[in-house]
Amino acid sequence: MSFTPSLLPKLIETVTETIIKNAGEITALDQAIGDGDHVTNLQRGLTALMAQRSEISQLDWPAAWQKIGMTVMTSVGGASGSLYGTLFVAMSKSAAGKDLNVQSVAEAFAQAVEAVKHRGKSDVGEKTMLDVLVPVAKHLQDAAAVSLPLSALLEQTKQVAITGMESTRDMLATKGRASFLGERTRGHIDAGAMSSQLVICALVDVLLANLTAPAQ
Amino acid sequence: MKKLINHVDTLLDESLHGFAKAHADIIQFNSQPHFVTRLQTTKPSKVAIISGGGSGHEPLHTGFVGFGMLDAACPGQVFTSPTPDQMLAAAQAVENGAGVLFIVKNYAGDVMSFEIAAEMLDCANATVVVSDDVSLAKNHSTGRRGVAGTLIMEKMLGAAAENGADLTFCKALGDRINAATASMGVALTSCTVPALGKPTFHLDDNQIEMGVGIHGEHGRETVSLMPANDIVERLLSTIIDDLQLKSGQQILLHVNGFGATPLMELYLVYELASQYLQKRGINIVRSLVGNYTTSLDMAGCSVTLTILDNELIRLWDAPVHTASLRWGC
Amino acid sequence: MKKLINHVDTLLDESLHGFAKAHADIIQFNSQPHFVTRLQTTKPSKVAIISGGGSGHEPLHTGFVGFGMLDAACPGQVFTSPTPDQMLAAAQAVENGAGVLFIVKNYAGDVMSFEIAAEMLDCANATVVVSDDVSLAKNHSTGRRGVAGTLIMEKMLGAAAENGADLTFCKALGDRINAATASMGVALTSCTVPALGKPTFHLDDNQIEMGVGIHGEHGRETVSLMPANDIVERLLSTIIDDLQLKSGQQILLHVNGFGATPLMELYLVYELASQYLQKRGINIVRSLVGNYTTSLDMAGCSVTLTILDNELIRLWDAPVHTASLRWGC
Amino acid sequence: MSFTPSLLPKLIETVTETIIKNAGEITALDQAIGDGDHVTNLQRGLTALMAQRSEISQLDWPAAWQKIGMTVMTSVGGASGSLYGTLFVAMSKSAAGKDLNVQSVAEAFAQAVEAVKHRGKSDVGEKTMLDVLVPVAKHLQDAAAVSLPLSALLEQTKQVAITGMESTRDMLATKGRASFLGERTRGHIDAGAMSSQLVICALVDVLLANLTAPAQ
């Protein structure tokens, strides 16, 4: 089976639920070493996406990603708004006009993560969302290269995201607001790493459920 | 949390509408997307000066829109960078042939949003990043934060643009002002972000936070409460070192309150700072004391010094007519 | 208590010295006894306008000394009426033939001190007592308190005197402004008087204090925290009743913060107040929003309305050049 | 024996001690229904008097009272500064040029209390220092009229002052800052009533000690 944008409402709803469920914890992280607004920012974006979810589900994937990216970019605010917005817009750009399969999507995602790096002038190891996004991108490309079955690829993705998030705990933050706190940042997971891990796991869960469910 | 609000979701809008009405003789407010512009159209020969950033720092930036200062300001949500569509729309509204200069406080979110807006904008533009917070090392991984020096940047660049300086000149001048400006802050309390409803961090009754920014976040270190003289010495010695200030130089001294600091205390800090500077032969030739770059209801203050020359003095003295800074007209 | 001070005993002096240095282009400070005057000598034909009161309300009164407003201000200790020798010395320093008008907030201590000074003064003088706080009944045993309406009184009388109005005219005008002005305040917290080191009273997280003055003291009643709309309604309905305001009348709307209230909230209150007034057909023709008559670090605000006619509008608009209020020059 | 101004240093010291000893309680009262500065105000005045105490003790009584009144007036501030200042200045004025004895001093004090009433536009029953000063003045005049022995007159003065102070507890304040609180003022003793009671009792104690002590 292949995933169509008709899944988008479900994906957006599930992401919204998981962010709401973990709001307290993410906020505590952004309060500890940031300014505490990460969840509020994300929720503004998710509210905007929820309002557009059926409309977006009528588009093809690149158009949907573009629309999601622009919505995120104009509603979220903060560092994460530009970064998540850039991620989706860049995915759209890289996927546009291509045949979408595991390889090409993995490639588009990897290019989108490069765009995030570029936008954030940052890289893995700086205690940001990139510590989740970069390993996940690499995992997707590696798995696609060896044609790992989709279910295994997805299951492993979650583990990679969680490991990436955990890796930020002992890092020294060198980008974003947390960097201002220097050594004080050690011992706290990065809020953006947590939110991206949660988003990725939520997306994967929907895809997995859809994979095993009888085709619609 | 006790605040004079109806609901956190409507706070910003209600406040901006009130701001717009209270100053309808100077500015107008566009609500979709949020930006504030002067009433008067930018003169064709004048560079449009635009700033913006998270709300909660009032009067920065909206209070500085008007003759001699900003052409437009883009307020984000509380402590949250505005989104690129705001700067884009504001630029399109005020640019009138001489290009746009963006003044951006150095925070990842702000820098990226302005960058995206600049990439989308199809007119000449340049960006000056303010990074005056010397509580961070000069080679800090992200560059230093932009704090209360932003007001000085906006005032001087606003005056230069009003005098007809072109975009290249304004950009170079802005970078020069940034290099000549250094700030450092101390917090006595954190602040309460409305959406969160409780203080961002806790300090005991005998603790203060040295080297804070303007978002109610932790600073470089928590230290014991000390007399104002010692606080001023810590702030000023760091600033003086950083600017390599020497006896005989002329400076602007800006003592800025974070929102909940009585003027009485700010003037006291000014007095101690001026004694400290005088002992070192540094001449205060211009001054500004007040709550200008705030962190909601945070108690504490920052001290900012800008090294002045005759050109900068003239720019500082030039007439300005905004909601929160006004002289000469 | 956390404050930016060296010692409670030196706080006031250090702060006043800082104020004097920061505004050396406008005022000068006399330290024995304490008073602040303009740099320029009062014109012979001009009534000297003098005010004063306890400190802790800054910028009131010292911040309003200068062209178009006060000739002198006499700061007392924190929340403590100044002593008669201050007003006497200030009057002797600035009076120049046209007499002295004292502007006094209606508190027993202030009234008595100014009265004693007036008795000792051997030049023509008159006193206007400000009593704008409508949280007290009109027939209150001491008369009502003077609160944020004082700024309006000082601005308008200052302009009248600058225009050459004589003492009799100024006194009558002052009484007229007082009758046309009404204020009411709400506190979210008390404040900490430095000499005492702890808040004057305690409010729970869900309590606010209605009908407060400007000394961090209890108000008329403690009520539950309510949305800003309801607060504004309670303040404004009392004020409107008191002034017997009718549809079509023109007013000045002054939203005043008590010191620790972010501008964002003050503008929000302004917005709600303007909606409330608009519904009743009352026209806001002039506005002032900010922390002007403060209670140290108290959170909360007051709303003041002055009924305007063309004469009062002209006086309000007249140029003023003081440390904390400046326009038109 | 008769009291001379040489007693003044001891009087000023004793008053200072008693105010310091009771500072917490007076402050609590002024915080409850005033603005909390009454003790600080008084202490400024007492500090100024302490600095001048030996100088003042060289004067005759009316000159000393005048000097004390002016010092209080220019150092205390607040409502109490004008009122206590007026009290001493008026005592001086009324006593000047008179033969000082129990009658004439009682008379001068009564006139001084009238001056305080006039200055404060207030009277007994309004929950102020006058609820101590007025009964004390009346007691002194009554006692002088019947030539009560000095020691009894003084002992009774303390009782009258204390009763006067206590009488303010259940009163509704109608003058001074406390009046703003309306019914909320009931149940609290007035701070100025307490300070005047303490001052009077301290003065009386010094006089009593001096009465029984061998003449100096």
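We just call them A, B, C and D in the order they show up, numbering each chain from 1.
Just so it is clear, a contact is a pair of C-beta atoms (placed from the backbone, for glycine too) under 8 Å apart; a residue touches a chain by one contact, two chains touch by 3 or more.
Note that the coordinates shown come from a computational prediction; the quantities given were computed from them, not determined experimentally.
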item	value
Interchain centroid distance [CA atoms averaged], chain C/chain D, Å	33
Separation of mean Cα positions, chain D and chain B [Å, integer]	55
Contacts with two or more other chains, residues of chain C listed in rising order	78
Arrangement of touching chains [line / ring / star / complete / other]	line
Each pair of chains that touches, named by its two labels	A-B, B-C, C-D
Partner chain B, residues of chain A touching it in the complex	27, 31, 33-37, 40-41, 44, 73-83, 85-86, 119-120, 126, 174-177, 179-182, 184
Chain A partner contacts - residues on chain B that touch it in the complex	33, 54, 76-85, 107-109, 112-113, 115-116, 136, 140-142, 145, 193, 195-196, 200-201, 213, 215-218, 220
Residues of chain B touching chain C in the complex	1-7, 11-12, 14-19, 21-23, 55-56, 58-59, 63, 78, 188-189, 203, 205, 208, 225, 227-229, 231, 255, 259-272, 274, 284, 287, 289, 291, 294, 296-297, 299-301, 326-329
